[in-house]
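Down below are the structures I want you to see.
Each of the next two complexes has chain A plus one more chain, namely chain B in the first and chain C in the second.
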Partner chain A sequence: MSAALDRVTRVRGVRGAMLVSAEDGLIVAEQSMEGVKGATVAALAASLAGRLQRAMEAAGIGSSVFWHLQGEQGALLVVPGGNAGGEGILVVAVTEPDVNIGLVRLELLRAAEAAV
Partner chain B sequence: MTTHTRAVENWTLQPLTDFVRESSVRMVLVLTPAGQVLAQTGFSRAVDVMSAAALAAAIVASTGELARQLRQPPFAALSHQGRKHGFFLASFSSERGTLAVLAVYDLAVSSLGLVQLFYDQLAADLKAASPKSAVPKQVLAADFERELTDSLNTLFGR
Partner chain C sequence: MADDIRALSAQLAQDPQSLVFLRLAEALRRKGQLDAALRVAVNGLERHPHLADAHDLYARVLTDKHDYERAFDEWDMAVRIAPHHTGALKGLAFLYFKVGDIAQAEAHLEAARKIAPDDPTIDQAIAMVRGNIQTPEPSIASPSVAAPSVASSALDESRVFAGLDGANEGLLLIDGAGRVLGGALRDKSGTDVTDAVAAYLGGVSQEAARTAKLLGLGAWNGLSAEGQQGNVHLAHPTPGALLLVVRERGVPLGRLAVLAQRATLMARRWLEEET
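And now, the complex of A and B:
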């Protein structure tokens, strides 16, 4: 798990990454999250994941595979790794605003595969 | 089931209302380790409040004793999770004395992480709001039934 997060945090512009239990919103592993309230991000990301999952089911478009929330001072990137019921692991990255989103997405997907 | 928040001691009302809104918990009790209820949300029957308060007080007492036997400070929080619901029980010190919070949450709408996160805020808000001159009142056995009846009447608007 630590190696999977290593690859994510090695991408330039990634401030930190973590694995979050989707069911209970607790951190499973984290790296380089200085200046980030990890427990808060984990709890709220898991809550958001549950609501997004239900919204997507209601819309009939299946499960989410990647989310990108762009803020003024950075972005929150999440790949849910787990079954269709939303149980499993969320791989979360907190980034600077000018990060290479495609590269981070690729590493998050790899980390999700390694974590499940 | 109502999610209306009622308080025996009014200073608990706003922090508890905020906690319920933020964490999406289903039921909450704020109580003393003796089982005296200060506020509740989500309970529709007095008997349920009585049972939950008695059980929560018993858990606080037994885990406190367990910690004492392990020569540790009292445990800060206890979490128990089932397939659909979880409960979270934690205690903290305030000007009102030690207070415990029992929160029951539905896993479909909340999570342990969310409850823990907003519990920290609740405990801070209750500490800040608790009357500074309050001396924890000793509930004597002789007064217990009357105190309990008065509290339940207040909590259920009788």
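And now, the complex of A and C:
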């Protein structure tokens, strides 16, 4: 798990990466720079993931495979792992605003595969 | 009733830590004094944050005030604290029913029935959900079910996005409370899912704003998501409005963001004209 997170945090602009329990929003594993509040990231990512999940299912497009919240000063990127219902693990990255989203997405998907 | 409220208020004043706030807030709620009920419930919840009954009570008051989003959170919290809380399960069932998610409504009622098999109100509620008949209050939660849908006229409001691809089936504009302002959504089978998605999205918008703020990401300016059968992009044309673009999986997220930008400009213009 640590190696999988390593690959994510090696991408330029990534400030932290973690595995989060989707159900209770607790950190399972974490590699973050100083200043990244891991517990807050985990709780908020899990909460938003749950809401997004319900909206997407209502729209008839199934569970989310990857999502990305873009802010003016950074971004939150999440790949839900685990079963098809989106339960299980979330692989989460917090990044600078100018990060290569595609690259982080790839590494998060790899990390999710490794974590399951 | 007024005497009861006076007596309960006096008891609570004598012992602010006691659980009498539950009875007092419920009495006020039943009497229709919702603001007073809300104050008592919130004060009680501050003193007893881990009490499932307090979250359940707060959710009922919020439901009466038509604040369904926060009511959902409170009932959800009550079930997390006490998974066998039938009141919260019935409350969640009511909210799921309200947004048209019959399967979830039924699942929550079935869970409640397993816990309280002798509760006739649960059987009534299940029959109502299955038969889609009018609810006998208070069988599920509190207010009447299947309130007239604000979004029913959404298909006529597609002119917000006139000229844009998918204006009648893949673009939706809602306000902060999850009410449809324009556009419409259909799932793959052609069923109109506007209402249900709008109801859930009200919460997503607030949650995204809160998350971005608390994580120091600044103001959020977009949320993209890949689904198993489609992709979505959320943007907010004005602080109080939310725009959703839905497309099939083959449309990449980057292109979706461009589409959303165009739709955002149109929505912003339309909102300015309307106000």
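Things to note:
Note that in this section the second predicted complex is superposed on the first by the 115 of 116 C-alpha atoms of A that agree within 3 Å, B and C clash if a C-alpha of one lies under 4 Å from a C-alpha of the other, contacts with A are read in each partner's own complex, and residues count from 1 in each chain.
Everything that follows uses one rule, which is that contacts are C-beta pairs under 8 Å (C-beta built on N, C-alpha and C of every residue); 3 or more make two chains touch, one makes a residue touch a chain.
Remember, it's a predicted structure, so these values are computed and weren't measured experimentally.
After superposition on chain A, the partners chain B and chain C collide with one another.
Contacts of A:68 after superposition: chain C is touched, whereas chain B is not reached. Ranking chain B and chain C by residues of chain A touched puts C first.
In the superposed pair of complexes, A:25 makes contact with chain B only, with no contact to chain C.
When the two structures are aligned on the shared chain, A:44 is found in touch with chain B and with chain C.
In the superposed model, A:59 lies in contact with chain C only, and not with chain B.
Judged by the document's definition of touching, chain A residues 40, 44, 47 lie at the interface with chain B and also at the interface with chain C.
Chain A contributes residues 20-21, 23-26, 39-40, 42-44, 46-47, 50 to its touches with chain B in the complex.
On chain A, the positions that touch chain C within their shared complex are 37, 40-41, 44-45, 47-48, 51-52, 54-56, 58-76, 84, 94. Chain C contributes residues 99, 101, 185, 187-189, 191, 193, 196-197, 199-201, 203-204, 207-208, 210-212, 214-232, 244, 246, 253 to its touches with chain A in the complex. The part of chain B that touches chain A in the complex is made up of residues 24, 81, 86, 107-114, 116-117.
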